[in-house]
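Presented below are the structures under discussion, each in the form of structure tokens.
You will see two complexes here that share chain A, one where it goes with chain B and one where it goes with chain C.
On to the complex of A and B.
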């Protein structure tokens, strides 16, 4: 791990300052189970549903945008459709780390976005698709039964941003007509998937909120809240070990922007920026103008200094990402680009450590004798 | 999933359909229940790095705690004898032979300097020999050591496990063969003895050897794409079906099977739960146990806080029951019923057929962190 001295000192100093006087988590009494219930109700019942609505609306707008563009394709329409793609992708990237319940049921998250694609499945299947141009792939219903790699955001990215596809759609040649129909079908399918998510979420949220000894799924509110803690923890791990580690490779010579997420749309880092927004909501309880500060996992932390320290560290990392260009490729071409991305990875790893030690410890959600140290 | 479960319930005689269960498995209300005399035994831990072998009865009442010099793992039961074998988890140096009724130490096993115990041991059916999985760490080679219980537990032989990082082993139903889960992970005591050193090249497998000669008779591995699935735990049904649980060493988001069924002589058949359960298994299985009928097996997933249940005849997922930090699993004498334990101190009776979980009534067992595996002793 390579830190720029400035980031290392900033993050560490913030922690050091606020760590003084903090008590050890192990010394605290058990948090009563009823204390977890309001956190579940707030995050799952108040905060998440409007965001799913937003995602569904963005998917529907994307579909409408595609239809409008394809009815009379031109450059302006292409740019508007690409903007609609980015808007839908922004909110998806905020929702994506909440990996639980209806989001992962029936492989839904993978159908929405099949990534990482370690074997290049999507690109290979896409080439074959363009060669065969099967009509089934222009029908949203039939598309929903196709390979996950061909029915979500990465496939849409191929349609909108790869090769000469934009010009082909504007020219409305044979490839362009198929791309338009296929892209509309993908967008429609995304609308269906987000609609299913919207429909299924309330029952899941209710089950989590009503956790108790009679439930075979969630026998306590604390156990249910563990899913939220894990989403926060694993969301950060996925950013560092996949979204950044994959394009960084073994060293600067091995770095490849194409191994990042959404490389064709040039938004690998923009995705991370939005991931951090969704993840912070789990901790803080606010997500844009939705929710209430301090009503996420932070509500379980009886230590204002630690809470301030964590939020400051998080803000530092969020600011770092916001100051970077949206794509990994744009950073890697800079002379210190590799070091910059390595710094960012180090900062995310630092946040992960804070989540494990401070959030996991103080919320009592990060433990487990067998879960942490089994064999 | 619901369809599968309905059909299964019919086969098991629940829900109004006729029963195919052997009469002996149906509890007679008027006769004493053997389960009332059952004893459950497991490695455990206290709050201050203190480790034990502990036993409790069917109500969950602690019967004894025997202190261990280090953290245990599984317990091997000597048939028709008071001995049980507690072998230190990897990289283990000690093994203790204890009295199953009192926990009294009856013999001590010392690991050779160039070997480390890996936590699992099993006796031959006649109780004469104890087999322990070990790591020959300088050669990245798994071995199975043989100890003669009738000769003061003298180490009398050592066989190749035909893989790296052997973990759980079981006797096959014929009593003459051992099936070994070679997890594929190379570790070395100089590097803490637990950190995997070969994830990119690991090659786990299931191997069956003759217990008297060490000769390899069957071996199977998963396809290469899944070579990071460490095959760690297994159980064997009376008909020779082997159920195995995997622990994935790759990325969090990789979609991989975590359970396999193996009929020796064929390929390992990977099976998966529905996505929302598969995801909650968190890429990690902790222990595997067949029920009394051999038709159902349970696989605990402590990282996800779940126990999953599977139909061994159709290879279908049946259901799951939440069990926070649950790992130890033992079959009761009832078809589809298990006792489970957790690192948080819980003890449950779990019914895979009716999807029920009930806390054991006596709370004395809640004072301990229950470790990876649980065994049932029929008194």
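On to the complex of A and C.
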């Protein structure tokens, strides 16, 4: 794997920090359980709720946009609806990696976005749907009981961006009328799902913040905080092993942009950019203009050098993604496109390693190698 | 499917030697575990040979009667095999091998004709999606020309997972199942695949063409499955590699294998990929035995297999019983309450599986149970998932109770919160 010079130099600087950590004599004392409570309170009680509100608002705007477009469909309306889709998808991609509590309860995250679709289920079910055009799929309430593959963002992407669907909706032919009604139902259902998430989150956050011996669900604050660490770790793993590895395939000849996330909407890499924003909030405690720097998992790390290095590395990766086009397809057509994406994957894997070793070890939340106690 | 990560450590092995006197030795527990594995694979082999004979009879004398007999033999062969699935996770020798006999799900268009209106003509993921080996003596897959003029075991092995696509399943139970039942085109309505016996008829009576090549494929697949099952049975016999591996060392690796198998099958594989995913998608294509509508039995016997290895007791196809010192005995000696709890939960998942079997016998198969709008049926399937998830939490506690550490169970995106049991 070829790393860019700036990336390599950061790798070296972090290795130095890692070595310093290893040289610390003796094992560190356990972090008191009460130290985890402010982190839980900040991330779950302060940082996340406004973002869920934002997601819900974006979903409702998407629904309104769809209704307006379908009442008198034209090209301008289609583009506005696609823009509303992107806005809702942006905030969803930031929330998506927080895989815990109401976000994953009853498969809610997968109803919002069923991906990856390893068996090609969505395409098969969508083909049948367009053949039968059942009325149930134009009713948001009935749609909520349908296949997860037919009721979230990927289904909406199919309606808005695939084949000739836009033209069919503008032409208001038989397929177009159904697509408009179905798309509106999907958007409405997304509003319902985000509203449920909004309603259920406060109780979950309170339960996590009150973790302790009296709690039935979370016997300690550390136990509760483990969910945050796992979300950070798994979020990075999903980016490298699914969002990048799937389109990259085994080699350049095997690479296919269509295996990425949101390929029709041309935003596979834009999704990763927003994933990183949401994930960094878990570490740092800031999410846009929400939150306070250093009040995430970083608050548990008593090593300012390591903290600075970690944030610098993260920023480098975030900048790399931001500098790329939004879609994997646009990168792969470049002469060095495959190498560029492979390099990005390597950078994400490096961040994952830092999370395992440095964040996991210093917060005492990870099960992997602990850089400080040297075990 | 990724292999469950096992990080067994001997750090806490002293626990094994420090429990109450009533506890069995780890080696004795592992011997029972290996004995049950050997019996289960031997039963799978016995029933596979009966299937092989029935298929030979079908090919020699095609008729509705011989066709139904072959299908009955296939159904019978699933009962012992599914009880061995708990050995897959945690035993690398089994996991490396099992894809040859029970790979799933499959893109059946690789093998034979399909109804492309619903199945589709092509797949982004699979260049061999509609290769149709039976109809095409010469195949071109990803630019490579393959001579398929002779259908034999070697050809099937070369096609299995061709192009590194897992859905290219050319061998094993499900390839045979497809050749006996055909596609289930009933969606979530009642009914299994409706292949006619005349797909194996001679001369003008042959339907859908290439009956001779279809027969060759079916026989080759059956022969291959028998030889594969012979091999794995030998691995669990006295002196076999699988048996030696679980019995070697201080007992920790073997106990780790048992717990990993129980947890991974309960949670990620059976609870997640094979059951919850189907419910999430309301999709009959996501059912394990999708051509024959035998999924209720497959799931039930999987759950029973998990219980078998914990209790150290397996009832063979001839009615005899293999039993001995068990993991349950070992857990009970260290934590009697946990043993009682887990016995109860394992029994509950078996009962939840039995409810699906009962519903199927009443005319409501798994694909109907997971149908959109079938709230009562969905609840039956969800209860099975819940029981499996619940037992996994207790299985995880075995790790501390018997002094093993560092196990990760197979996860699943389709379950509510995979991290909850990790």
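The working rule: the second predicted complex is superposed on the first by the 344 of 375 C-alpha atoms of A that agree within 3 Å, B and C clash if a C-alpha of one lies under 4 Å from a C-alpha of the other, contacts with A are read in each partner's own complex, and residues count from 1 in each chain.
Assume contacts are C-beta pairs under 8 Å (C-beta built on N, C-alpha and C of every residue); 3 or more make two chains touch, one makes a residue touch a chain.
Quantities reported herein were computed from a predicted structural model and do not represent experimental measurements.
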Clash or fit: chain B and chain C on chain A? clash
If you stack the two complexes on chain A, which partner ends up touching A:128: first (chain B), second (chain C), both, or neither? second
Applying the touch criterion given at the start, work out whether A:219 contacts chain B, chain C, both or neither, answering first, second, both or neither. first
Which of the two partners, first being chain B and second being chain C, lies in contact with A:99: first, second, both, or neither? both
Could you tell me if A:120 is touching chain B, chain C, both of them or neither one (first, second, both, neither)? second
Look at A:110 in the shared chain and tell me whether it touches chain B only, chain C only, both, or neither; answer first, second, both or neither. both
Contacts of A:237 with chain B and chain C, given as first, second, both or neither: first
Against chain B, colliding segment of chain C, chosen among 129-137, 147-155, 255-263 or 363-371: 255-263
Common interface positions of chain A, toward chain B and toward chain C: 99, 104-107, 110, 226, 230, 234
Enumerate the contact residues on chain A facing chain B in the complex. 99, 101-102, 104-108, 110, 116, 118, 213, 215-220, 222-223, 226, 230, 234, 237-238, 241-242, 367-371, 374-375
Show me the residue ranges of chain B that touch chain A in the complex, using the header's touch definition. 45, 73, 89-90, 119, 167, 232, 251-255, 274-276, 279, 282, 284, 286, 302-303, 305, 319-322, 324-327, 342-344, 355-357, 359, 369-372
Touching chain A in the complex: which residues of chain C? 105, 117-120, 123-125, 164, 167, 276, 280-283, 285-286, 372-373, 413-414, 416-417, 419, 422
Residue ranges of chain A touching chain C (in the complex, touch as defined): 99-100, 104-107, 110-111, 114, 119-121, 123-125, 127-128, 131, 136, 145-149, 226-227, 230-231, 234, 250, 256, 258-259
